[in-house]
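If you scroll down you'll find the structure; I have some questions about it.
In order of appearance the chains are A, B, C, D, E and F, and numbering begins at 1 in each one.
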Amino acid sequence: MRLCHVSYVCAALRVNGYPCKPAENVTADDFFYGGLASAADVYGGGNPMGSVVTVADVERLPGLNTLGVSMSRVDYAPWGGTNPPHSHQHATEILFVAEGTLQVGFVTTSGRHITRAVPKGGLFVFPRGMMHYERSVGEAPAVAISAFDSQLPGTQRLGEAMFGAAPGVPTDVLARALQTDGGVVESIRAKFQPK
Amino acid sequence: MRLCHVSYVCAALRVNGYPCKPAENVTADDFFYGGLASAADVYGGGNPMGSVVTVADVERLPGLNTLGVSMSRVDYAPWGGTNPPHSHQHATEILFVAEGTLQVGFVTTSGRHITRAVPKGGLFVFPRGMMHYERSVGEAPAVAISAFDSQLPGTQRLGEAMFGAAPGVPTDVLARALQTDGGVVESIRAKFQPK
Amino acid sequence: MRLCHVSYVCAALRVNGYPCKPAENVTADDFFYGGLASAADVYGGGNPMGSVVTVADVERLPGLNTLGVSMSRVDYAPWGGTNPPHSHQHATEILFVAEGTLQVGFVTTSGRHITRAVPKGGLFVFPRGMMHYERSVGEAPAVAISAFDSQLPGTQRLGEAMFGAAPGVPTDVLARALQTDGGVVESIRAKFQPK
Amino acid sequence: MRLCHVSYVCAALRVNGYPCKPAENVTADDFFYGGLASAADVYGGGNPMGSVVTVADVERLPGLNTLGVSMSRVDYAPWGGTNPPHSHQHATEILFVAEGTLQVGFVTTSGRHITRAVPKGGLFVFPRGMMHYERSVGEAPAVAISAFDSQLPGTQRLGEAMFGAAPGVPTDVLARALQTDGGVVESIRAKFQPK
Amino acid sequence: MRLCHVSYVCAALRVNGYPCKPAENVTADDFFYGGLASAADVYGGGNPMGSVVTVADVERLPGLNTLGVSMSRVDYAPWGGTNPPHSHQHATEILFVAEGTLQVGFVTTSGRHITRAVPKGGLFVFPRGMMHYERSVGEAPAVAISAFDSQLPGTQRLGEAMFGAAPGVPTDVLARALQTDGGVVESIRAKFQPK
Amino acid sequence: MRLCHVSYVCAALRVNGYPCKPAENVTADDFFYGGLASAADVYGGGNPMGSVVTVADVERLPGLNTLGVSMSRVDYAPWGGTNPPHSHQHATEILFVAEGTLQVGFVTTSGRHITRAVPKGGLFVFPRGMMHYERSVGEAPAVAISAFDSQLPGTQRLGEAMFGAAPGVPTDVLARALQTDGGVVESIRAKFQPK
């Protein structure tokens, strides 16, 4: 069930993939989300990245419908916990480092790698659609709070898009993309479990 | 001086109040802001609100130009530190409570007051243009990290807009707005120092 | 019941909080509204403002759906009839003075009060989201025809948002906003009848 | 010279074909236009249409820059004064009949002619880009006040676009468009004076 | 039946005149269209224009829903096959000449006729909402592939809008528009068959 | 030098990273591009992909400024010429197969690989920001004409973004992204020549 409370919002933004909730049934809880409060287990579940992304987008908080924003919490293991290279189709990301220190980077369309360390309390911006990543470079676990100018930013991890898609992307396409051979492609693909 | 680094951003978003910085001169520092790291002094300067808003918008971080997002930190004194009723002309706000507990609220165009407490780690959303406020309701200082889907959200505090504008809004207009008399209006206005 | 006639409009603007009316059932009446033709009674109903706003938005004229415009008529009593300080969340307003003379004003986010008299036949513009007001300053009743770049501009009167919301905004929040005390707040609030 | 007053507007809307005026130099006159106050001479200048359109767009009122609205006044001679078939590339039009009675119409992309009479005080909407027209059908001169959801709506009269362009559109193209022969095309074109 | 496959697309673009197809039912065929592969019969059906437009918009390819693009193929008879003057309400057109040579043109709002020949392999751009046309000027049939920045561009042919609408646009309105007399208008109208 | 011809376009779209060309200096050549007419050399220059993309965006055709569209031609060697996995930050792509047969595919954010063969004359759509690719699967060279709903779509090839950026993306970040080890990363990176 999706809702779009406050009828003027639905109407004025004139929109909707999601059905609206009648304005008179809306409560403050429709605009609240508590799921970012706790640290995620960055070591559990055979997690190979050392990071966990917890999402508060319109699919979890229906009240975001038509409002054009969403938020995520990322937990990182110390020394190397990594949110691997990915892009958001529909949003710029503005990331605030709540705990620890991150090294962050994005790559421009002309191939420049824009990177630096961001200490606790610092913020960094990843322009819409650009490949970017973060990894923890401190002794303590790191936590980021990221916001997006979309209620559903869309996330595509590059490794998973190439090697984890189902059915598989043809081996020779990936070999050309990485300028390598089919054996390397298949050895990498073997680690990814298609969803 | 304003800049718009990374030429594809300027061009693709096709835009600009602010002049662009040539792409080859752009560095990672153009996308970084450290000014939200420290707590502001919520007691200083005769501050009557018990809160301080520290802003990271395109005027402070020129690299936000064309990117459609910005961020603020709000510090609140314990028990009652208040970010008074205001609205943002150009953005929805998504607020994350980093420390303490806030009571937050907004008023819809049909006059409903949507309000609740938001504990540490919770988030709340204020739809674009709606009057809203927050106040600390815990024993410790509170801190919020807010994000906006605009590089320059625009903020208008209702009290200051009515009573602190220069030249002054006519007394009888304010008296009608508040359904009171001119004496009350003038006594309130005396506390506001026109900018 | 809402309608969105003319199927290419629905489809091309790709949108809808409101269900569409099949194109073949659309008539010219779907694009017509007669409700702004007559003067409203600016003295009736215990009206404390001396003004009445008559609205032609998508809620009254469903044919505006997806079209991005709407209109209002405002009638003002002579000498002081006031459309009190308010803002529109989703639209700029362009106001044409059809009868009489108005003093109009808006307050910028930096606290400047931009104000002047607008005679019959003059027009004035209120930028999106800014607090603004008009009052009659002539001997005859005044009439304004206002247009908006939204089918549902959204209106929030500052006095009513602060003092007329239900449940009530906390007294101390309003006291801080106006830099006054709770007694003044309560005496003002007593005049507002919660909806 | 163009101006964009009030710096937050420029910046927040992040935009500009027109240079900005520094915020501190802005006055209320930048948001005011008096040029729609008087009736135009619908009989003068060999005017073959019996109507005159007076425009308040960003080219006449630079303060409209970035604000997304504009307005026009149309004066019509009694009994047949006609604003001939035209379209606006960038805006929906919402027309208010201030004096007299108009017959108005637009043609949809599926070839339906949506038409009716609009008496004094009525309003009618012409969807973006659709061919539409108005003509006076009363004994007194008519006046319309039209608003647009664009600061520069763009107007193209169909007759002038086909027959008055310079250099001329090829005769055979027009003959095919009207399913007529070159002689008819040339006889029509002879009446249009290329600009 | 309309579909909007791939749920993130529906949701993120937050939109819809058309109902969505559940993401799990989407196939590659939803994004494919084969209907532009063959030449149309430019001589058949009493076609007076010597051209045929074959459309791949959201009404034929529902998978375009929310994606903001569409495409057309135009076939032209040699020496004079003409796509007569028309405009698209919701899109700029970028036209690629796949076969033959076209003379193309559009008319600006200030009455300039921008025209040139476009050989095979060349492209030309028609700005949104402007009246434009193409005709074949070579010995072989011509073919154009046109793309639009809208899933449903909307097309209005000027001749048909004026003379082929039903019910008919008043004769005197058209006579004024073309600065001609009613007899000429009626003789042209007689060739158009109302839909 | 950039230009934005036809002043109403500049003004109405109200925008510009690129300076405008005065309307009176505009010619039809400003809207024409001939650079897509010839096949590119898909074997030259040590090209490892067997494909060449020729671009007609606002950087090559300044007249596209503010118009929201652009086009590309892609030439593919027979049997395997590949436009490797990439994404466009700012545009949906609609691809028309002018010669040969392509196998095309994109990967959704939920990891589905949407793929099929597209014969000559067929079209296929790649939603905004999604990773996609094409490769020739026929005996003859293939040619695609692609259009975009942006004047500057922005292209990021996944292989180059990960392995060809300068300075290099950290080895361990890439190793985690591909769930492989540093040796494999370095052996792949060795083939990429940083720009």
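Keep this in mind: contacts are C-beta pairs under 8 Å (C-beta built on N, C-alpha and C of every residue); 3 or more make two chains touch, one makes a residue touch a chain.
To keep track of the chains, here are their UniProt names: A, B, C, D, E, F = Germin-like protein.
No experiment lies behind these values; they were computed from the predicted model shown.
Student: If you line up contacts by residue number, which pair in A-B, C-D or B-C shares over half of them with A-F? Let me know.
Tutor: Having compared contact pairs by residue number, the answer is B-C.
Student: Suppose you list every residue number at the chain D-chain E interface; are over half of them used by both chains (same) or under half (different)?
Tutor: same
Student: Only C-alpha atoms count here: how many degrees separate chain B from chain F in terms of the superposing rotation, rounded to the nearest 5?
Tutor: That rotation is 120 degrees, given to the nearest 5.
Student: Hey, how far is the Cα centre of chain B from the one of chain D, in Å?
Tutor: Roughly 40 Å, centre to centre.
Student: Mind checking the centre-to-centre distance between chain E and chain F? Centres are C-alpha means, answer in whole Å.
Tutor: Once rounded, the distance between the two centres reads 26 Å.
Student: At least two other chains touched by the same residue of chain F: list those residues.
Tutor: In chain F, the residues touching two or more other chains are 8, 13, 15-16, 89-90, 105, 109-110, 112, 115, 127-128, 150, 154.
Student: Which residues of chain D touch chain E in the complex?
Tutor: Against chain E, the touching part of chain D is residues 48-50, 80, 82, 84-85, 87-90, 103, 105, 107, 109-113, 115, 127-131, 133, 135, 154-170, 172-174, 176-180, 184, 187-188, 191-192, 194-195.
Student: Residues of chain F touching chain E in their complex?
Tutor: 6, 8-9, 23, 26-29, 31-34, 36-38, 56, 61, 63-64, 67-71, 92-94, 96, 98, 105, 108-110, 112, 114-116, 118-128, 145, 147-150
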